[in-house]
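Down below are the structures I want you to see.
Same chain, two partners: chain A is paired with chain B first, then with chain C.
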Partner chain A sequence: MTARDAIVVPTSEEPPELALTTPISNPGQRRSRASTTRAFLGKPATIVFLIVLAAIVTVSFIGPYLVGNPVTTSHPILHAPDLEFLMGTDALGRDYLARVVNGGRISLFVGFSVAFLCMTIGLVIGGLAGYYGGFLDAGLVKVAEFFQVLPGLVLALVAAALLGSNVWIIVAILALTMWPAVARIARAEAMRIAQLGYVESAKAAGFRGLRIIWSDVIPNALPPVLVATSMTVGRAILIESGLAYLGIGDANNPSWGALLNTAQGFMQTGWWLAVFPGALIFLTVLAVNILGDSLNDALNPTVGRVK
Partner chain B sequence: MDDVTEGRAILDVRDLQVFLPTGARTEIEAVSSVSLHVADGERVGIVGESGSGKSVTGRAIAGLLPTSPRVRVNGSVRVAGIEMVGAGRAAQEKVRGKTVGMIFQDPLTFLNPTMKIGRQVAESIPRSRGGDRQAEVQRFLAQAGLEDAAALARRFPHELSGGMRQRVLIAIAIAKLPELIIADEPTTALDATVQQRVLQTLDDAVRTLGTSLILISHDLAVVAQMTDRVYVMYRGRVVESGTTADVLRAPRHPYTQALLTSVRSLTDDGVPLYSIPPSLRRSLDEELTHAS
Partner chain C sequence: MRAFVVYVLKLLLSSFILFIAVLTVLFFLLELAPGDPVQTLVGDAPISPEFRAQITAAYGLDLPAWQRYFIYIGNVLTGNLGYSFGTNNEPVLDLILSRAGNTVAIALPAFLVSTVGGIILGAVAAKTRRKWLDGGISGITVGLFSIPNFWLGMLLIMLFSLTLGWFPSQGKSPYGEPGIAWQYAVLPVITMATSELAYKARIMRSSMIESLGQDFIDTARSKGLSSQYVLWRHALPNALLPMVTVAGYSLGFLFAGSALVESVFGWPGMGLLFVDAIHAQNNMVVLGVVIVLTVTIIVVNILTDIVYGLVDPRLRVRFTRKPTVAAVPKEAKA
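This part shows the complex of A and B:
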């Protein structure tokens, strides 16, 4: 299916004008939901990675109830993967499958909650700055720049040292340093939308700025912001893994990165300890980024055509 | 230029002057000493070429000029007796929310693409009115000449044709039961047949509600059909005003005469296309410079 096929296929109940009024060159106009979905699912790679990500997420959140206890130590130690222990056991004789599944829960929780926080903060700050402009905009951009230049990794190390390495603190620190990327996109969109007719129309209807931001600016700014947010998921998982690898993480709930940290000492004797969490981090981040790209192409048809 | 009208004036504009920034340090006097008067239930046209200041005047009346300290508005705009120039934001929002309805030129960009039609109309109905909002929405959509209003209310703007969208804008404008509707080139983006039907709808809606209307247009035929009185604008000034019939039948000002001459008709085969000659522009500009 070419990009053009995916754009407009009017169905019988829609007026024929649809084909004429959904031009790819008109930024004020959207594709219908159905055709966006079709464009998103149009590529085989998207479907494959959607299934991969769905599988990882499902297993990580339901899995802990299916696999054994991740802290039971009554198994043989450093047992290579076989049919009984699909991912082997670690140096203390714990079922590694159970630990990897639980680690996924932590890693994904960090990734998605950081992304959610970034999107929320980004939409609020970016929406206000872009819509109102002027001094508010200048001030908020300075604040965003301040947080953007903070070295996230170092800040997280310091915060963990001072406050303890609870998973919530990690999430908070990551969101604090990563929201400006989303806010910038939201601000640019809000600036564009603030000039559009329907915002003027809303002003003409006597609505206040905050109301206009909520019902006109944010819904229309969402597509590019969602794309930016989807990229945040992957980055947050990677940074969390990096932190955990350095030993900053919740010791009671080891994430994939924390498992890698432990696996360091057993590279010669237990390759599976590093390979499984490593491969899962790789697959998850890859899937999230590819889906983000597809989402971008589906929502901004012009981008896909230029390539 | 005091037009004597009995009854309350819904709109009284005196010596309106609007400066818009054109560059870092330059500005243009987009509207200079314009005075307008609209009586209750009256229909008034503002005609003029592109850049004559007619749209800026319309926006200034609704308080919709860009909010920049460099946009300066002088004079007086009284909407239903409330002074808009220099009024606080809350007062302006109140007037915009209740008294004045706007209909804009481009029906595509003036509807929120992510919101269903029904909700966009419902948003325009003041909360204080109460009653069944869904029924109200459908009533206004029907009044704007849209069939099957119930199904339409659940659609998104991109599922509608241009003419339907313009009708939705009319529905939104009349939903607040305004005392004054300002229609800024409402049919310019539509083709000729759709234009006629939309004008008919606007005409009916204004008549049913007893609303006053300001119709801003460069199209003399539209203004002739829709309005009682007309103001002709050129270079930010009102150069002529009077009843629409008088002005169009016996224009006094050279610019109005030139504007009328440039109107084409289907029976004009072989008549050369008239455009306002540069010499007339020069003399008009000189006259305006002397006048101010």
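This part shows the complex of A and C:
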């Protein structure tokens, strides 16, 4: 759960952390959309984890209406999982299934909204920096370096401790610390695309830079940016769960990580309190990461075994 | 040689600027924080406005923000990180240094385990021709990469401490005894090393595949060298180059991640101090830990970049010799 790029591509002569220009995809090697979809769905693991992720997301957002009230305390306390209480009950006699399902909504909301914000900021700033270069570009490199020195988890902890910790502040802080990872991919792609023939001809036809970025650079930079964004979902969920585990977050609306914070005190008497929320964080992040890898393989057919 | 000195000086300068940037961000966060520090100091007791003004002046809080900013930067640069709000009002730096050793005691073994393990796993996955082995290692690394490591720590405690009773679950030594007992360190080190090991194995695998695909590998093979020799003497050293940077930078992330791991195991290091200070709203200690962490990461990163410059033959050549551009004879052109 570290804040840095998904994969460093070590091809340049410079040390990898300076090699911001290395594109993660190979120009001219891209597949058509239909064959990309086929390559993406071709592996059984992809299908399985697509279903897993879809199930987790569906249950988390519809489930709260099905599983009952997560704050009703009228059940037996620390009741082990059985057919009546599928995930047992907690120390206050609350149905743990209801609490876990509710927690999922918060964890997933943080993961996906942080990723969406990162993609938006990353595309705009990365696209501008890569296309125009110069001052903006140098600034982006500096900001990326800044977050390499001050890890996202630490900055998020400090900011949440000093400024307070509701869900919105945590989403904002995570997006703020994680967008450079997406932006540097977008930047590398924009630099590559800016050299291509269709951009040259768009320039020759008199289109303005912003228009070219919007209609040529961003759509074509999207595939690798999507891969980087998919990695952001998993990292955001992991960092949020870590923050919540340390007690930073909305106490009235506990996410999976916050449930684990409480579970820490019941490792001897209630193993289920720790096992279920953690397993769901693990499954969700695993599904997102494997889908991200498949997406990467489908979009970059040349990456893989050479010999 | 001169090129190398310039390289290092540039590195030092940009690192210093980065450090000041981090301090600036911290100062602004502290300024934005809600609450009145004077009110916190005097508590709920009613005090006269004169006394309040006296306290405000004593702490320099009557000065404008920009003046306090420069005072703050100056203090930090001279090693004064302020005083803890805790019972003894200890200097923050002393408090942190007394804990730093404990963090190093688990972070360093975790660093070694994850680096060596990651290199071996990644190299094996890249060179094997057995599909199941490569697939298996890749699957395991994605799995380890996706586990929240504090949850892994909880699982390890439940299995190895509470059920099997092999290792203690909390603290660094039996109650009241000084020093560190190794049984106490086993589980924290494993927990800390896991995700870093997975990350390094992934990097190593793609780096090794890349290296095996280079032209010089074909050249070495066509010279008749054995494939083992080519693997160990040609492919591996090349694949290890990016690992220098990845490994060096990972040390910083291990220190940063200590907040989570130390909380799971009640390990009294810098990370636990950090978390406790956050809950006690002991702001000077919170900022102090971040500053010490930042300095550590910056220093490690500088050393990493220097080592990289010395190890990579391409950079080494650039440092030791003047770049010689092959002059094209004029006659040949025509």
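Methods note: the second predicted complex is superposed on the first by the 271 of 307 C-alpha atoms of A that agree within 3 Å, B and C clash if a C-alpha of one lies under 4 Å from a C-alpha of the other, contacts with A are read in each partner's own complex, and residues count from 1 in each chain.
In this section, a contact is a pair of C-beta atoms (placed from the backbone, for glycine too) under 8 Å apart; a residue touches a chain by one contact, two chains touch by 3 or more.
Note that the structure is predicted; figures quoted are calculated from it, not measured.
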Let me test your reading of the model: by the given contact rule, A:G242 touches which partner, first (chain B), second (chain C), both or neither?
second
Check whether A:N220 is in contact with chain B, with chain C, with both or with neither, and answer first, second, both or neither.
first
Based on the superposed arrangement, let me know which partner A:L196 touches: chain B (first), chain C (second), both, or neither?
first
Is A:A205 touching anything from chain B or chain C once the two structures are fitted on A? First, second, both or neither.
first
A:V48 in the overlay: touching chain B, chain C, both, or neither? Say first, second, both or neither.
neither
See if chain A has more residues touched by chain B or by chain C, and give me that chain.
C
Shared chain A contacts, counted only where both chain B and chain C touch the same residue:
15, 17
Could you list, by residue number, the parts of chain C that touch chain A in their complex?
14, 18-19, 21-22, 25-26, 29-30, 32-34, 134, 142-143, 145-151, 154-155, 157-158, 162, 169, 195-196, 199, 202-203, 206-207, 209-210, 212-213, 217, 241-242, 245-246, 249-250, 252-253, 256-257, 259-260, 263-264, 274-275, 278-279, 281, 283, 286-287, 290, 293-294, 297-298, 301, 305, 308, 312, 314-315
Which residues, counting only chain A, touch chain C once they are in their complex?
1-4, 7-11, 13, 15-17, 142, 145-146, 148-151, 153-155, 157-159, 161-164, 234, 238, 241-242, 245-248, 257, 260, 263-264, 267-268, 271, 274-275, 278, 281-282, 285-286, 289-290, 293, 303-307
Sites on chain A touched by chain B in the complex:
14-15, 17-18, 21-22, 26, 28-30, 32, 196-198, 200-208, 215-216, 219-220, 222
What does chain B use to touch chain A in their complex?
62, 64, 93-98, 100-102, 104, 106, 108-115, 123-124, 156, 158-162, 164, 169, 172, 176
